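Below are structures written as structure tokens.
Shared between the two complexes below is chain A, which pairs with chain B and chain C, respectively.
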Partner chain A sequence: MRAFQILIDGFAISALYALGATGFTLIFGVSGVLNLSHGAIMVAAAVAAWAAASILHVDTYFGALIGVAVAVVTAFATYFAVVKPIQDSRRIPNEEKEIFVLTGTLLWGIMIQELIAYFFTNNAKTVLPIVEGVVDILGVRTPRNEIFTAVVCCLVIALLWLLVNRTRTGKAVLAASMNPRGVTLLGLELTNIYIVVWAIYGVLAGIAGVLLGMFLGVSSYSVGPLTASAFSIVVLGGLGSVSGSLIAAFVVGYLETITAYLVSPAYRTIPALLLLVVVMYIRPQGLLGRR
Partner chain B sequence: MKNILPGALRIFLGAAAFGALMTGSGAALAADSIKIGVIAEAQAIAGASIPQAAQLAADEINAKGGVDGRKIEIISYDNHSSSADSVRAFQRAVNEDKVNAVIASYISEVVLALEPWASRLKTPFVTPGAASNEISKSVHADYEKNKYTFHGYLTSAALALSVCDAAKDLLVEKMHMKTAVIMSEDAAWTKPLDVGYEECLPKIGLKVLDHIRFSPDTTDFTPIFNKIEGAKPDVIITGISHVGVQPTVQWKNQQVPIPMFGIASQATNETFGKDTNQAAEGVLYQGVSGPGVAVTPKSVPFAEGFRKKYGNYPSYAGYTAYDEVYYIADAVKRAGSTDADKLVDALEKTDWEGTIGRVQFYGKDDPFTHSIKYGKGLITGLMLQWQDGKQIAVWPKDVAKVDIKFPSFIKLSN
Partner chain C sequence: MSGFFTSRLFFVSLALVVVAATLPLYVSGYVLGLLTVAFYFGVFAMAWDLLFGFAGEVNFGPTFLIGVGAYTAGILNNQFGWSVYLCIVLGALASVIAGLVLALPALRVRGPYFGLTTLVAVLMLQNFIVVFADLTGGEIGLTIPDVITIEAGANYWIALGFMTISAAILYGLSQSPIGLVLQASGQDPVQAGALGFNIVKHKLAAFIVSAFFSGLSGALLVFYFGTASVGTVVDVAVGVNVIVSAVLGGRRTVLGAALGAIFLIVAGEFLRPTGELATFIVSAVALLVVLFFPGGFLGAALSREARS
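Showing the complex of A and B:
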């Protein structure tokens, strides 16, 4: 009984982690950007979906769409207002650009967080679930919303896989992650590829944010922990490796759930962080890292 | 002394004194006002009502001519729920803005950090919402030093008593419940609360089957609710303040069949309904007052006035903060001065009928020195329930208009 409970709850949370981390790792893989405003973009999506539903009184589906749209807009704003100016700058030496992007996106994330707290308070917000009610799975009373979350996450990840491996645009993105110079030589505009990647990223982060808002709820305080959780999952899986992130998301998700059930909910995140430290010692490139 | 000061410093001090004179004379009228600093969690669900309610009280007092012709001026500071920010705000309030008294915070950790500063800066300080027993115990332990701090809300010990008193009537006698699980967040205020619960619940006939303390950072409450359900209690007794929206929404989404009853600070604010998408339905929480509940003749007019001005009913800390401005003003009037020590003496003699009951403070020889007195004829607290999107009093009998009712997923075992 408890094993089933862990299996079901762990799956939903892991799938959500996976979706959140996929976009994060994709951006890094293709353009070498570690976007530390990741958590802020997810929270912005969830809060927008909440505000649309409870202030503007739109229906749940439309609210969710607004949330994802806000995430895409915020992702583009991150790219055009923060990342691109740093990458294009002639005054910042090339070898320092990564650290500038890191700092820039971190500050940008804090700005978004403070704006959200200012306009919508730092209270936790929960998005009204698209599907309500519970079903019985092998004796475990499971909210339909939890199943919905897991299904949507898997579906979106599958679509992403198809996009990257089966479409022309996707192949260009893949090529850019392997050899940016080669792609330029083939006559493809690198900037256009980046725009596509940031759009995909915005959609992924938006869906993850809205689902998180429905499943657990978010507040402006969630910004830091969400970025940290995506960051540690991605580092654990191997920076830039999408499949590594997926595996790492499930490792972290289940480790947390098992700890919460069998040890204490108070120590939930500790084992996953210890694992991260251990992996850093033994295999610094992460589980499926390329280096 | 003068001779020891180097020339430059003397000139500087002279200039500073001159500057002070200039601003002093320039603001001759304002200097007459009684200044109250309000340091609060303006962005948090329970704290947001504090500066709003204080301002409302000041406006009312000023509209009636102030205190002996002196206006009340509220200077508020947002502490972002941080102790460090609060300490800085306290220093600024006293040293630069020259406040005569401070009303601050609903978080015990913040109040405990401010308490030594009230002593150092000799400034009367009242908290409208923190609960930890340690606040008033420190006053008792070192009265001369800490006498500047007043606890304008019930101690955790009193809160536990209030919950147990209500549980005895509502849960044990009416619904014949026999077992409970305590679910509380890990924070300074819940330590004495849990001790109080563990002691009084068995006395009223509720056996404590399990006791779950969780980190206030918890976002996923699924394992906690599943663990509680496994113990098969009749009721969950809560002690939550930093969290509120998330456990409540997950309780509803997972259809946990056990009612929640106890302290839930966030549920005291009317905005809680919207923040949880009405998942609060059926939640039972302890309060010192509530919308439409005539604890005293002042309660309802205040709640309605607050709603008219700010759009929602106040949280519990709104009621207390409102009363505090009034009884500080009353103390200034009785003391005939804003001198800190005289004000402390006057505050100790407070006997004020506010929105939450009759406010008096425990004396020097009581273990909870300077905390408000709990009991019949003073302050007993209420039990309220979210019903049809509204906060309704269900206990005690003399103010309760309706019976408890639960959403359909709650399965009462008796």
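Showing the complex of A and C:
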């Protein structure tokens, strides 16, 4: 009974983690950017969906769409206002661009977080779920919303896989992650590829954010922990490796669920952090990462 | 090094310290309290800059070192009632040991992985403080029975003196041959290694020095506040402020980092009337500096001087 409960709850949370971390790792894999405003973008999407449904009283589907749209716009703003100026800057030496992107996106994330807190307060917000009700799976009462979350996450990840591996655009993105210079020599504009990647990233972060808002609720305080959990999942899986992040997301998701059910919800994040430390010591490139 | 004593930077810094030392004679205790915290923060930022600007290692967890120093000093005082000065020294030592434990494995990895290991260290420390709440006071914070002094002026002078001495040592170190080797190994480790320098040894030394000053400053800050809490010395947000200070003031200048820290804390206070938007404005200003003046305050000033 309890085992099934852990199995089901763990799956939903892991799928959500996987979706959240996939976009993050995609951006790093293709353009070498660690986007520390990730959590802020997810929360922005969730809050937009919440505001649309609760203040403007639009349909829940439409509200969710608005949330995703806000995430895409924010992702583009991150790229054009923060990341690209730093990458193009001649005054910042190349070897220091990484820390500037980190600092810049971090500050940007804090700005988004503070704006959200200013206009929509710090209170936790739960987005109205698209599907309601509860079903019984193997004796475990499961909210339909939880199943919906898991299914959407898996579908979106599958679509992403198809997009990257089966379409021309996706192949260009893949090529850019392997050898940016080679892609440029083949006559593809690198900036265009980056724009596509940031658009995909925006959609992924947006869907993850809205689903999170429906499943667990968000507040402007979730920004830091969300970025941190995406960061640790991606590192555990290996920076830039999408399949690694998927595995890591399930490992972390289940570890947290098991700890929360069997030990205490207060210790929920500790085993995952310990695992992360062990992995960093033994295999710093992560589970599936390349050095 | 000899050039420094005749340079404009030296005279400007000396003048600033002299002016700052006279402040308790004519400003209110409120301003002094604010600047006291800012000076301890300045040491955090300088210690971080030694590691980043010179050794080229991005330490995302400055608060790991600060927090270990602060909490060790605080717990020793709280549990055993040892003298304040002994606790401060032991706090700094604990921070050095923590720095070694963190640095030995972390220095084997490079770039983002190093940054990550340090970030995870902070999260771990934060969790342990909450889990061992009996000892550490948990989320509420640790009450510390003793303080160095309650006199605002004396506290201010201690902080100013401590910052000045730390600045002199850290700046001197950064301009010394060791600092040059560090800078070389930060920029091109392979070539620096090929020139026969032991990079790991130098970086480890930088880590220990950085940890020592972070821990010492953290311990002093705890005895100034009379309390140690996650929100003031461990939280990732505090570490972010340290990093922003150093980048804002000008990385690789050491002294600029202290300027950035003082600016950040004073600006935050000035913006308090704007309420919840204060953090937004400070972050926005910091972002603009990062984007348009990547050298920071001191970097921009120094390059203008060099040009003219």
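Before moving on, here are some points about what is shown:
The rule is short, and it goes like this: the second predicted complex is superposed on the first by the 291 of 291 C-alpha atoms of A that agree within 3 Å, B and C clash if a C-alpha of one lies under 4 Å from a C-alpha of the other, contacts with A are read in each partner's own complex, and residues count from 1 in each chain.
Throughout what follows, contacts are C-beta pairs under 8 Å (C-beta built on N, C-alpha and C of every residue); 3 or more make two chains touch, one makes a residue touch a chain.
Every value quoted in this text rests on a predicted model; they were computed, and no experiment measured them.
With the two structures aligned on chain A, chain B fits next to chain C without clashing. Of the two partner chains, chain C is the only one touched by A:Q285; chain B is not.
By the touch criterion defined above, A:P143 lies against chain B but remains apart from chain C after alignment on the C-alpha atoms of chain A. Using the contact criterion defined above for the overlaid structures, shared-chain residue A:A117 touches chain B and also reaches chain C. Here's the short version: in the overlay, chain B gets within 5 Å of chain C at its closest Cα pair. Overlaid on A, the two complexes show chain B and chain C touching the same residues of chain A, namely 117-118, 266. Those residues of chain C lying in contact with chain A across their complex are 52, 56, 58, 105, 108-109, 111-113, 115-117, 119-121, 123-124, 127, 130-131, 187, 236-237, 240, 243-244, 247, 251, 276-277, 279-280, 283-284, 286-287, 290-291, 294-295. Contact residues of chain B toward chain A in the complex are 43-45, 48, 81, 186, 212-215, 217-224, 226-227, 243-246, 249-250, 253-255, 266, 271, 274-277, 279. Contacts from chain A toward chain C in the complex involve residues 34, 82, 85-86, 89, 91-92, 95-96, 98-100, 102-104, 106-108, 110-111, 114-115, 117-118, 224, 228, 231-232, 235, 239, 266-267, 269-270, 273-274, 276-277, 280-281, 284-285.
Listing the residues of chain A that touch chain B in their complex gives 5, 9, 13, 53-54, 117-118, 121-129, 132-134, 141, 143, 145, 216-217, 219, 222, 225, 257, 260-261, 264-266, 268.
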